[in-house]
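In this document, chain identifiers A, B and C correspond to the written order of the chains, with residue numbering beginning at 1 in each.
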Amino acid sequence: MVMVIDELKKDAIRELIKNGKRDDERGFSDYREISIKTNVISAAEGSADVRIGKSRVIAGVKLEVVEPFLDRPTEGTLTVNADLLPTAHETFEEGPPSEESIELARVVDRGIRAAEAVDLKSLFIEEGKVWGVFVDIYTIDHDGNLLDTAALAAVAALQTMKVPEYKDGKIVRENLTPKPLITIPTQCTFAKIGKEIIIDPTYAEELVADARITYCVGDNMLYAIQKAGSGSFSKEEIISLLDKSFEQRKYLLSLLNKL
Amino acid sequence: MGKLVIPGDLLLNKPVRNPYTYIKDEKTFAAVVGMFDEQQSKFMPIKASYLPSLRDSVIGMIEEEKPIGYGVNLFSPYHGLLSSKSLRTTFNVGDIILAEVFEISEVKDIWLSRPMKLVGGEIIDVSPTKISRVIGKHSSMLNVLKAGTGSNILVGKNGLIWIKGGDVPKAIDAIQKIVREAHTSGLTDRIMNYLNVTPEMLEKFQRAPQREFY
Amino acid sequence: MGGNSDVPLIVNGKRLDGRKMDELRPITIEAGVLNRATGSAYLTWGKNKVLAAVYGPREVFPKHETNLYGSVVRCRYMMAPFSTEEHGRAGPNRRSREISKVMREAFENIIIKEVYPKTAIDIYVDILEGQGSTRVAGLTAAAVALANAGIPMKDIPIGVSVGKIENQIAVDMMKEEDNFGQADIPLAIAPASGEIILLQMDGKMTREEFVYALDLAYAKVDEIREKQINALREFFKKSSAAVENEQDNSGLNTIEQQSEPIQQSSEESDAGNEASRNEDSGY
């Protein structure tokens, strides 16, 4: 297979973008092809294998019985972790979490948590015991926009999550009850290259981007924003991209509703 | 006189190149805090790190022996290098030298020539942007300092000043005064008063062969 | 973010500390408070106490991080273990690393990196006491520290937070509002361009509420900027003497004449050193 080296494409991409084109001939508002497969890990209580273009993330959801937080004694807990595996890209090194992986986990967590997507109140078992929902995001192939790929995988895994039974002090994983999300948040990431803004950047486009911004939205509701990179945005751009995120929501929801 | 400007303040409506300013839309803006005299178009940064120029005199410390010669600590973002090829003396790590910048490489290695070892004396450190004030036009200020203190004073463009002999505390005091009042005018006269240097004394000093006591 | 309605955040139209929705907490800033650092600033914002220090431009360690064509900007935001009600663990954690990243990116926008290639500019932001919106307080302080250090910048950015408490939009979120409010938006704005260089949001807001919140943030830029400018002005007054002016400007360099760094021409300045140079070795 012949691969063109992304690092060498930088100037070419800048030129293309300036002229309103993208390397893979997409429009500035088009996502790459998205595929979502759920229930791919039978040991997990929820799972999803999501691809956006060549980026690929597997998310797994495990439920354990834990102590609730002191200030929310009757609610379940939610923890989102992300690992940018060395498997996914030659620049991902082994070792303690990089700031990129920390940011990815926290941004995806933020959106889901702010949306109150998981019905934590229904995860109460008995005094001092609640279900802890652990979402682990495994990035396995990186071609840009791991943020949206991870968010989609986490949401899809949670949407198809099944809660085991807790009986006589034991977890019975054979008896499962579906627990779909109460709201489904959708997330969009944009990259700014020069003065142009594109959705769903590839790795090569990310290399050239001056700034990046991610929105997590619901129905007429904004849940989270994260701006990254050393470029800047005008107030007008920030608002216009929020509107674009609402537009894209219809498309992304249609994919998730098929699950 | 001037007003205090901060990064982002407009200085001139035309583009002028200067490391402490930047150009946007054909206008020049301040990039550091400084005093800007609009009438005379003069900009003096309050504080900035040293940027080397060819033929600058600098004062530094031998830091390392290398295969090529010596590494010199210039107490600035960039290092000095002394090639042992044309050296007549050897140096030891820790030696203080005065040297001249004779080449600046693309990656900002500062090649030095004509090193001179400085023994004894005291070294003080001021912002490189104030050094020209300490020297003065045609060394006018430096001569006032020397005449008024009897000290030998060597000034490095990188902000280091070496003082030996004469009344060293007085020299340091006067230099601090210069640095504090660097943005003002009439400073040379004020320092002359401060050090009790009369115009006659100064003239005599400038005409007399420089006494060198080390 | 919780939206926990057990804790009232607005009582009789006022916030828990008596402020109106569009009021900032009191801010004080002092520049040049540290001796060793190249530049520094100490800032109080409500009960927040922030110390910002800048070192550089300086040599880059580890060497492999060096950029041959510009400065490398590094930023570390940390909350001291004694800074909050509960004792915190010393050292970086995931939250502080994320905040360090977004702060660094904001500064990378306004620092002119080409002036000192092959160097590092290190920014240290320590929250000594944290009481809501510490990252924007930290950024506001670090901006002053950078200017105090003489780091070339396009602009001095300000940080501010806006949010939503009990369905009302407010500016400058204090700790209780951060914890129990409905939305929190920290931002940083570069006043010269009006552009946003740091932006995060967490909570629940409609589009209209979000737009209103952004406008409210912009309305506060000048007030915060005043404090930064005053800090730099006070430092200048302290470290220089304000003396009445005359004509003699010998030594000041004409900005026009230079097409290269501000230095006097060689003959003028070296004359001083030339005279003492007749010896060729130590003495």
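Keep this in mind: a residue touches a chain if its C-beta (ideal position, glycine included) is under 8 Å from a C-beta of that chain, and two chains touch if they have at least 3 such contacts.
Since the model is a prediction, treat every value here as computed from it, not as a measurement.
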Labels of chains that are neighbours to chain B and to chain C: none
Chain whose Cα mean lies nearest the overall Cα mean: C
Leader among chain pairs (count of C-beta contacts): B-C
Cα-centroid distance, chain B relative to chain C, in whole angstrom: 30
Centre-to-centre distance between chain B and chain A (centres being mean Cα positions), rounded to whole Å: 56
Where chain A and chain C are represented by their mean Cα positions, the distance between them in whole Å: 31
Residues of chain C engaged with two or more neighbouring chains: none
Overlap residues in chain B, where contacts from two or more other chains coincide: none
Chain A-touching residues of chain C, taken from the complex the two chains share: 1, 94-95, 97-98, 100-102, 105-106, 108-109, 183, 185, 190, 193-207, 210-211, 214, 218
In the complex, chain B residues that touch chain C: 1-2, 4, 6-8, 11-12, 16-22, 24, 28-29, 31-33, 37, 40-49, 51, 53, 55-57, 77-79, 88-89, 95, 98, 107-108, 114, 116-119, 127, 129, 131-133, 135-143, 152-155, 157, 177, 180-190, 210, 212, 214
Complex contacts: residues of chain A adjacent to chain C: 97, 99, 102-103, 105-106, 110, 113-115, 213, 220-235, 238-239, 242-243, 246
Contact set on chain C toward chain B in their complex: 38-39, 56-59, 68, 110, 112, 115-119, 147-156, 191-192, 229, 232-233, 236, 239-241, 243-256, 258-264, 266, 268-273, 275-283
